[in-house]
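In what comes next, subunit A is part of two complexes: it sits with subunit B in the first one and with subunit C in the second one.
Then we have the complex of A and B:
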């Protein structure tokens, strides 16, 4: 328990850095000169996907159920927002209404899917969620009359600035155009992410959070304590669907379109799961670290290395010989291989993730001075 | 007056019928022991009473109400709690959190706090271990925690499944002493045990369960002296 205060200060530091980043334009400009990428434009996408990862963590990390179809709820959220806002449909809803509706519709899907799911355990549960995710993706792609198929629904209009913010931004000399002023989406998505984090933090400390842990540890014992296992799983699944739907809605708004249906395929679900596993299943901060590493790499570092590699390709000499293979491996071309390698090494040496929750760590290392329980009698 | 009244209860798993119509009764303030060999259906009996194994026939009356078809979580809030076999504490929750889980069905924080103090009174060692993970406790301490946790729902009837399992005789004596104390404080106890002698010494009445049927029931003292019980279960 040395320095028990440290994690809190790290947390605060990260939040402060995220809040201050756009206020110091020099940082963004410096990174731009260095990499020719505007970090501020990419960060909102990462914030949105961090919400998605936290949503997945509710089911996988807290309740201990393997969920392979989170992208399905993400897609539902995106397309509900698309339908409610694009000019091709007559609704023309405002931003807030669209986010709310997407959240609610995704929740409803989550509850309906729970009905068959809650009867299943383990592998079977995972398979049904996998099937659901694929079904959503193929439905989006093939219901062209509703979703415009691979053409996607667009343009999804940007949010209207609420009056005080619009004037505030003008007063400090920022633009109010969502396409050119990155700070708008940056703060909007950061606010949603921080809201999600606060919600989950309170939930973890509530009796509901503890009940999920108990359920994961021993369902029989939890049932003997009077926990309603079915209702608890339903709550986890519905909350996860709600947050994923909200993230999907923000994603569509940020992109200005519902994106290609492939954005909601199995790959998305698995990538999110990898973030959880790399960072630390069940631990909020761990999940966020996993998102920062994997999605930061995927969305920022790999494209930057693509540029570097292209530039190196035109050169010759020692620089090319030494650096070219390295950048090739780390760039978009080699990234899946790197990714696989890192996961294999993680599973071998640190299966509990980089920042594990103390409870999961004990589950993963059986040989350690571990919980001593009586072997089962049968 | 009967607190628990079980009539012709049948239950099983898949094609196997484990309980073939058992009837038993627990009165208020009583300790009742069910003894029997491996596979007789002792654990199944408790699991069926708790609503975890579904009832196939017969009826369960608890505190004047029919609980035969109620789901497990409702049965707990009616005042029937079980401390399951093999303890089944939550190894990665702290001792205090384990106790709080036991009070999951309640929403009177002051009452729960008072009952945690009461649990510490019955088992002082748990207070010392309050912040420790449940899994780091010794076997005897885990058993104490399991019983204390079951008590946290303020049960009228406590079901105990093999509280002596795998414990040193000294520890068993200590735990049984607390069970007696609990009982004096007004909790009825239905105890399932392979350690027949200890169980019958503690209990007021006993039942013998053999391959899914009750074959004998009597006052515990009488059973301790019964030649058939002596031969089959007391090793004399």
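Then we have the complex of A and C:
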């Protein structure tokens, strides 16, 4: 820890800011006046997607396998929750049960899929996960009898508050209406995110976490030291699937529906990969920085710039000429290009990310290709 | 009598599906060749190749829209020849530039880094397609009057456009085979594919060979786009991703890096897709992805590829 001399770290400051944000309504109101967007309503989605990014980081960052189908598990989680909770089905499960079931089903899919995946080399692994993600998306869209296709399953009911929280929220005057009071989802999703971060933090320091890093750095050496590569990869893949399924479940509950199946397509997987690559593969804080930048852009900045652009379209003069191309590139219309540029530029100039862990930086800048990048040419 | 009729119509249907599958397969083959050649030489899954094909379609669309000629006229035929010449040049130029600017400086980087860069290029191409043609489907103007070449009472379908597709693709592929087999550059390509280090030691300029591969792959994708818009006259920005994956699946099915394998794989995938679309169009795509997964998992070397043990 280089900054051990500071009594508080950036990490703690960020957590404190996230916790305090809803308690100071003036900030949210100020941002609303500035942009006409309620940040508080968008933040829970970003927290949920941050869980998804951390899930992807388990496979890509810790274990060093390129996973291009995380959106598939996200979708499975969302649809299991949808099926278990919407009135069209007879189950009517409670929130906690639905989240648990989604996590378990996604884990089961992860374990089943990882069986054939374990012996594949890097690029084939990437393609099979890609194919899996797309197969899930198309299946969701085509199995209309079960998933309602593009119409999506809805309404997914909001969670019921556990006894002390209901009274607490009534007491502070927030009420218990999930639709109008953003703070309920805000704290719920933040709690899940912090839980995930704590879990991963402990895992990184456990023997399992260290074994993953050993595997990433040199699979052959790790295997020679007695690590069971297949079992470790399976664990990483299953954990990632579980967290992604949990995130999917929360996503469906937050949206109140399972969303168009397109929400679980390849773009979602690559957006998540962008967060990892921009922030720093394998480094939890780096990933969260990437999430803040990429998803902040995707969910807040780009829509705001859409508004700006629409307003500019009606104006004329120098303002339009100067700002229009810029806002076009940065708005939703230029989103794919931004993500593409991020991937290319980071790979070119800083493959270890903005906030790398020291180990990853060393791996990326070794003389010869890092070991997890097999196949090497003979 | 009734059973004979039934058997007869089933036979006609089957032949029609196969004919359609064959032309679709030749189409995928043109794109698959670009994947397989690049993979054979730099071991990069060129993710952006499908989107390059999409840009080729948009380029041809822009040319044809600008010219505005009547269907079936002499002008239209000349225009068809012109786009058949210009679109491959356009795609080849883009593919070469991408290699030059993005892949070449990172040639020694880990392979997965290059794959991620290729995904980035693919996204940029998609975005260009979005800005170029908008979010909706575009109709490609008909250049050739389509008609069935086979006698109508046989019930078989083989249209003029199918004939054009085959008469463009087959000579292109034969030309490619001759090029790779007989010319010095083709020999150099095979040498680099086999062992880049040894090829370099023998005095082959590997960078030049790789550039040439990207040029040829891009040109083939360009031919593919022209053929595609003739056969399926609807284009949109997302078409490259899907068709690219079909083509990639074809390349893997035939044995990636193997040129005849890519053609064989593409014809098989064309048949599967055609058969799947007849059964239920919605599931045809999923079927192709399942084939991709199964092949990669159980026989990564493909049908024609030799099974090489991974060296550590």
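Simple rule for what comes next: the second predicted complex is superposed on the first by the 356 of 378 C-alpha atoms of A that agree within 3 Å, B and C clash if a C-alpha of one lies under 4 Å from a C-alpha of the other, contacts with A are read in each partner's own complex, and residues count from 1 in each chain.
The definition used in the following text is that a contact is a pair of C-beta atoms (placed from the backbone, for glycine too) under 8 Å apart; a residue touches a chain by one contact, two chains touch by 3 or more.
Since we're looking at a predicted model, the values are computed, not measured.
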Next item on the list: Mind working out whether A:207 is in touch with subunit B, subunit C, both or neither, as first, second, both or neither?
Entry: first
Next item on the list: Could you look at A:16 and tell me whether it touches subunit B, subunit C, both or neither (first, second, both, neither)?
Entry: neither
Margin query: According to the stated criteria, A:273 is in contact with first (subunit B), second (subunit C), both, or neither; which is it?
Written below: second
Notebook entry, point to check: Which holds for A:222: it touches subunit B only (first), subunit C only (second), both, or neither?
Noted result: first
Next item on the list: Considering only touches as defined above, state whether A:142 meets subunit B (first), subunit C (second), both or neither.
Entry: second
Notebook entry, point to check: Taking the superposition as given, does A:321 touch the first partner, subunit B, the second, subunit C, both, or neither?
Noted result: neither
Check: In the superposed arrangement, does subunit B or subunit C reach more residues of subunit A?
Finding: C
Item checked: subunit B/subunit C common contact set on subunit A -> 220, 369-370, 372-374, 376-377
Check: Which bits of subunit C are touching subunit A when the two form their complex?
Finding: 43, 45, 102, 105-106, 108-117, 119-124, 126-128, 130-131, 195-197, 241, 245, 248, 252, 282-283, 285-286, 289-290, 292-293, 296-298, 300, 310-312
Margin query: Going by the contact rule set out above, which residues of subunit A touch subunit B in the complex?
Written below: 207, 210-211, 213-214, 217-218, 220-228, 358-359, 362-363, 369-374, 376-377
Note to self: Per the contact definition, I'd like the list of subunit B residues that touch subunit A in the complex.
What the structure shows: 50, 52, 71-73, 75-77, 81-93, 97, 100-102, 104-105, 133-139, 142, 149-150, 153, 165-166
Next item on the list: Would you pull the subunit A residues touching subunit C in the complex into a rising list?
Entry: 66, 116-117, 120-124, 126-128, 131-132, 134-135, 138-139, 141-142, 220, 266, 270, 273, 277, 333-337, 339-344, 347-348, 351, 369-370, 372-378
